[in-house]
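Labels A, B, C and D are assigned to the chains in the order they are written; within every chain, residues are numbered from 1.
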Amino acid sequence: MGIGDTFDRLCRPFEGPNTIGNTRRFWIGFVVVVLALLGYPIGFGGYAASSAALYLLYAILGLSLSIIWGYTGILSFGQVVFFGIAGYSFALISMNLSSTLTTMLALPISVAVATIASLVLGYFMFYGEVRDVYVTILTLVVSIVMNTFMAQTAGSEWTVGSVALGGFNGIPAIPSLTFSVGDASVVLDGSSFYWFTLIALLVVYLGLRALVNGRFGYTMVATREDEDRTEMLGYDVRRIKLLVFGLGGALAGFAGVLYATWGNYVSPSVFGITFASIPVVWVAVGGRRSLLGAVVATVVIEWFRQQLSATGSQYAMVIVGAVLLLAILFVPEGVIPRLNVALLNVRDRSETTPDSPDGTPE
Amino acid sequence: MNPLNLLFLFADNFAFIVLSAVGLAVIFGMMGVINLGHGEFIMIGAYGTTLSANAGVPLPLAMVIGVLVTAVMGFVLERTIIRRLYDRLLDSMVATWAIGLILTQGVRIALGNSIPQISTPLGTIAYGEFSYSTYRVVLSVVALAVLAGLYVLFTRTEFGIRARATIQDPDTARALGVDTDRMYTSTFVIGSALAGLTGALYAPTLTVVPGMGSSFLVEAFVAVVIGGPSVLLGTTLSGGLLGVIDALFTNLYGTFFGQIAMLLTAIVVIRLLSNGLTGLVEDVRNRMEGE
Amino acid sequence: MCLYAISVSRMNDGRSGPSRRSFLATGGTVAGAALAGCLTGGGGSGGKDTVTLGILEDRSGNFALNGTPKYNASMLAIDELNDDGGILGKQIETFAPDPQSDNKRYQQLTRQAINEEQVDALWAGYSSATREAIRPIIDQNEQLYFYTTQYEGGVADSYTFCMGATARQQLGMVMPYLIDEFGTDIYTIAADYNFGQISADWVRVLANEHDANVIGEEFIPLSVSQFGSTINNIQDADPDFVMALLVGANHTSFWNQRTSAGLDLPFGTSTVMAQGYQHKRLDPPAMKGVYGGFNYMQEVPTDRNQDFVDRYYEKYPDAPYVNEECVNNYFSIKMYAQAAESVGSTNQEDIIAELEKGMDVSAPEGDISLQGKVHHMTHDMRVFRCDENHDIHVMEEHKIPEQFLSDTVGVNLRENDQTKQYVPADYFEAADATRE
Amino acid sequence: MLECEELSAAYDTTLVLRDVDLTVNDGEIVGVMGKNGAGKSTLMKAIIGLLEPKSGVVRYEGEDLAGTNANERANVGIGYIPQGRDVFPSLTVEENLLIGESVNRERDHDLYDEVYRYFPILEERRDQKAGTMSGGQQQMLAIGRALVGNPDLLLLDEHSEGVQPSIVEEISENLRDLNADLGTTVLFVEQNLGAIQDMADRCYAMERGRIVDEIGSDELQDEDAIASYLAV
């Protein structure tokens, strides 16, 4: 058995009809890109890495929407709710109990809080027979409610332990993620934060690939395609939706913790309508039925927005809006799936001998 | 607590909620499109009105211009963008969000961060130690008139009946000779015009700036989500319910609690009534007819 | 070689405690950072033949109305300096992106300004929220930073210089005047966020100091644009005057609404008119009877100011107004240049030390001075009255220093480094929000 | 009056109609029979224009209908009665009928009187919401709605489905009368043997998307001959 076969076997759990890129060629490219990304801070320095880390953690937020919207057919504007809740929880826990151990513990606890919040909201919606587009509006309303509420917590009565919620100003000076064993501790900052985020994103991406190409993934897709029929086949559709929503909440929450530690800051604007809409934009442009699309679109769009804003041009937002419109109108299935098809076509034309092991049907 | 204060406050809230929501509700209820650029449509109406008034056009006429400008914009957007997205409702949300982004910043680039504002007409009603703006009382009357007008339009005119048929079953309507494309265009234009009307009406009382649209969104979305499927009835009922709650709590405990009470009410309604307030009314009606 | 050079220059920064840009030196990032330094060609500020100033002001988004004049005035000051030969004979370059009123973007751009653009000094942000979002990054990098908005006060930060008047300076100007003129019953309406809450605390402190009473207080969320109940409540309480600490576009709607509701009381303020030129934007008589305590309005009737205003409009003929923050940005850039010239370098640590000695500044508002110990300005404060035609009159004028940090708290940043914001509630019983 | 030539249609990539040839002459009542899934409804949709054909031609009064929308086809005089009693449930009976006015723009007059004469129940229930009526009544409404505009050709999609046999009989009778009185041409698809025998002048048989047989009026009475096309 050659090294190629071993490689293929390693990739197999992550392959299937629900994701793009089921060829050896894809995985080789994937490994090359990952290695390049790992080397990025060494080539470009801590500042560049810390900028990029923001896009990577956003990509986790994008993925959380991709599985909910793209794979299960529930459009949620509420991913930022769990993102923000986890960010705030992390701030409150880590700042109230400031020791390296509690900072470390604050991460899982905050993710758990966000997960519970998403399960509660999900239960409320899916078991309360809230349907289709009403789920979308409801999640949007929940974001707006959180935004309104948190913006009004400026008074000193809104203090949790020793930490003021701070209203519109938010909570500054949140500690960075710190991992400690015994006396040794590592503060995630600059490049190390980047590496941590990159690996987290990688794990999440591969994990979700395995999930959507597995049994549960098929039931998710079945739910998206035809809820009634899935139910008739004996699946508990409400439970499926709830579980996916909870998973999305957990991922969004994880991204939220990373976000809070990235800027050492969290404010109600994470619940605002602008930020609430942005994940939808990432996923719509990248291709909602493609995990890779969500990741790439998130990183590219956010990088692009940042570059535009750095130019100081007043046309920045107009350009962003126009690019989105064009993408929605002319590449409805998403940029990445379109590119994928284009690439496959090019290769089909250039290659006459089908030597690649990509037998998996799309 | 002065009962007149409470009454005025309620009328004020009712008008604001109804007018914030009605354009959004028509487009959503009739077409299923969630217009995330709704706030910006309102902003365009306000700009049309304020700029016309500043140019010397009498205020009522300036308001008409504001409405027309928004309606024309709605027409153009529907013809060029929205119509391509009818079978992709979620994409239409992204598109309207992008339109909103472009409108806000486009207006900022074209007209600056602020334009001279117009003052509120019609003077004051005084009672006891209190006084209230006459114009704001007029607004609540206008809100009722808008609802009544829409009721007549959608239930008493052939256009309205065709529009309702289109939303219920577009294929069948088309197969029976209804030009559904035109129905969609008209509905979107009407929704846009209503948003423009809201902007026109509030232009003399609010600060007209490029970002003003966002101040209507909370009320608009909350009203639509708890109103339920029947657009007009839903908007009226949410305006009424939320208006009372907001007025009462604001009067008793201040603005903050007014807002929070309103949002909590919305959450309770959503949980208890999956078809919103109109669903409740239908249930009650059916039950009464059943007996 | 390059790596060595950078390390040396950083060592030479030599302040006790963590060195400037020390965070870059953690873990494996030294090499990367040094490499980045080489790639961008910057070897610290000392070796460059230009001076780079970071100007992060909002030209889009919610705060564009306030941010644009700040940006304009900064560019005016920099152009004037460059025309006069720059700073230390070097031309001034700017890094001036548009943070779009988004604090997250401010954080990104602040890091970019410090780490990539290597700015020698930074001006950034309109709102207190922005300042608090970026201050940790500023402090971590020991970056010289000027915050130029009038604000609630209390920031004692070794790297931050607060150029705007504080709430205590502004309210301390206008409140005694209003109490003298109209009476002692005060009703406060304030924006419901940090700035508004702390400002309202100051209203109570100052009322207490002048034997007046706050008979009612209402905090209004920033998202609220309907003021029917607020107007009712004010009429119900029947105060002698109202302190209006309103902020933002939504709150500007208050003035039209109170006028059309016939609420004809005197209003005191530290926020409206001088920042958002409501008296220019709104139809008279919306701002009639509004008294502001500010260091500056475009209408300041001096020749020096007229000259400044003329220069501003010459560069920006379409600009709507020259506001308070405009002037703060303008004079602080000039002040920075003055400090750099007298130190003879743009080394940030040296300039901070120089500024901490205190400095006299000839600003468009008048001759003012920097209080080195607390990094705040003694401003030339005035009571401005707006009449029914929206003409502005100066009613009173005198210099007021920053007092809270210097007198009450006893901060001395020359001696002790810190990065804290103090609040009045910790020092005044009247300001303690847990009262009653 | 109506001709289909080599008409093929598909949902996504699944071909449902294959090279269908069919002719309806002026004044005829023509049936198309076939089992569930034979492609009958698809044929109706392709004719009215709700489904874009993959290939082939639909000709009405000698004119190729390619490139015209469903509403335009209705406007020139084709009345469509969808399967499954697709009335507008929350519109009243009268409002439903009003929608039918868009059919056949070039008519001389509305046929409300005739509709109410054939289906008196509709007049009785004028103000009732259509969704609250029984299946048979809804079927009558759907037919009445298509008739109000005085169409030249009626397309009728399985009017027997889910309706009591006695009502089906009544409806079939009414349609025959109508054809006789007004000269309205009718093309209907059906799998109910009785309905086909009651109404059709002649009939096509359809299997798996193809027309497999044409049956004249005499043969139609021979139950055994046609049952094979219908039996499950």
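Points to keep in mind about this one:
We adopt the following convention: a contact is a pair of C-beta atoms (placed from the backbone, for glycine too) under 8 Å apart; a residue touches a chain by one contact, two chains touch by 3 or more.
The structure displayed is predicted, hence computed values, not measured ones.
Among the remaining chains, those touching chain B and also chain C are A.
Of all chains, the one whose Cα centroid sits at the greatest distance from that of chain C is D. Averaged Cα coordinates give chain A a centre that lies 51 Å from the centre of chain D.
Computed from the mean C-alpha positions, the centre of chain A lies at a distance of 33 Å from the centre of chain B. Chain C has its Cα centroid 37 Å from the Cα centroid of chain A.
A straight line joining the Cα centres of chain C and chain D is 76 Å long. For chain C, residues touching at least two other chains, in rising order: 60, 192, 219, 221, 223. Residue positions of chain A touching 2 or more other chains, listed in rising order: 148, 152, 314, 316-317. Screening every pair of chains for touch gives A-B, A-C, B-C, B-D.
Contacts from chain C toward chain B in the complex involve residues 60-62, 64-65, 68, 192, 218-221, 223-226, 228-232, 235-236, 238, 249-250, 252-253, 256-257, 259-263, 276, 280-284, 286, 318, 320. By the touch rule above, chain A contacts chain C in their complex via residues 41-51, 54, 148, 151-152, 154-157, 166-170, 172-173, 186-187, 189-192, 263-265, 267, 269, 274, 306, 309-314, 316-317. Residue ranges on chain A touching chain B, taken from their complex, read 69, 75, 124, 128-131, 133-134, 136-138, 140-141, 144-145, 148-149, 152, 273, 277, 280-281, 284-285, 314-318, 320-322, 324-325, 328-329, 332. Remark: chain D residues 48-50, 69-71, 74-75, 79-80, 82, 86, 88-91, 95-96, 98-105, 145-146, 149 touch chain B in the complex.
The part of chain B that touches chain C in the complex is made up of residues 2, 5, 8-9, 12-13, 16, 105, 108, 112-124, 126, 129-136, 204-207, 209-212, 214-215, 218, 247, 250-251, 254-256, 258-259.
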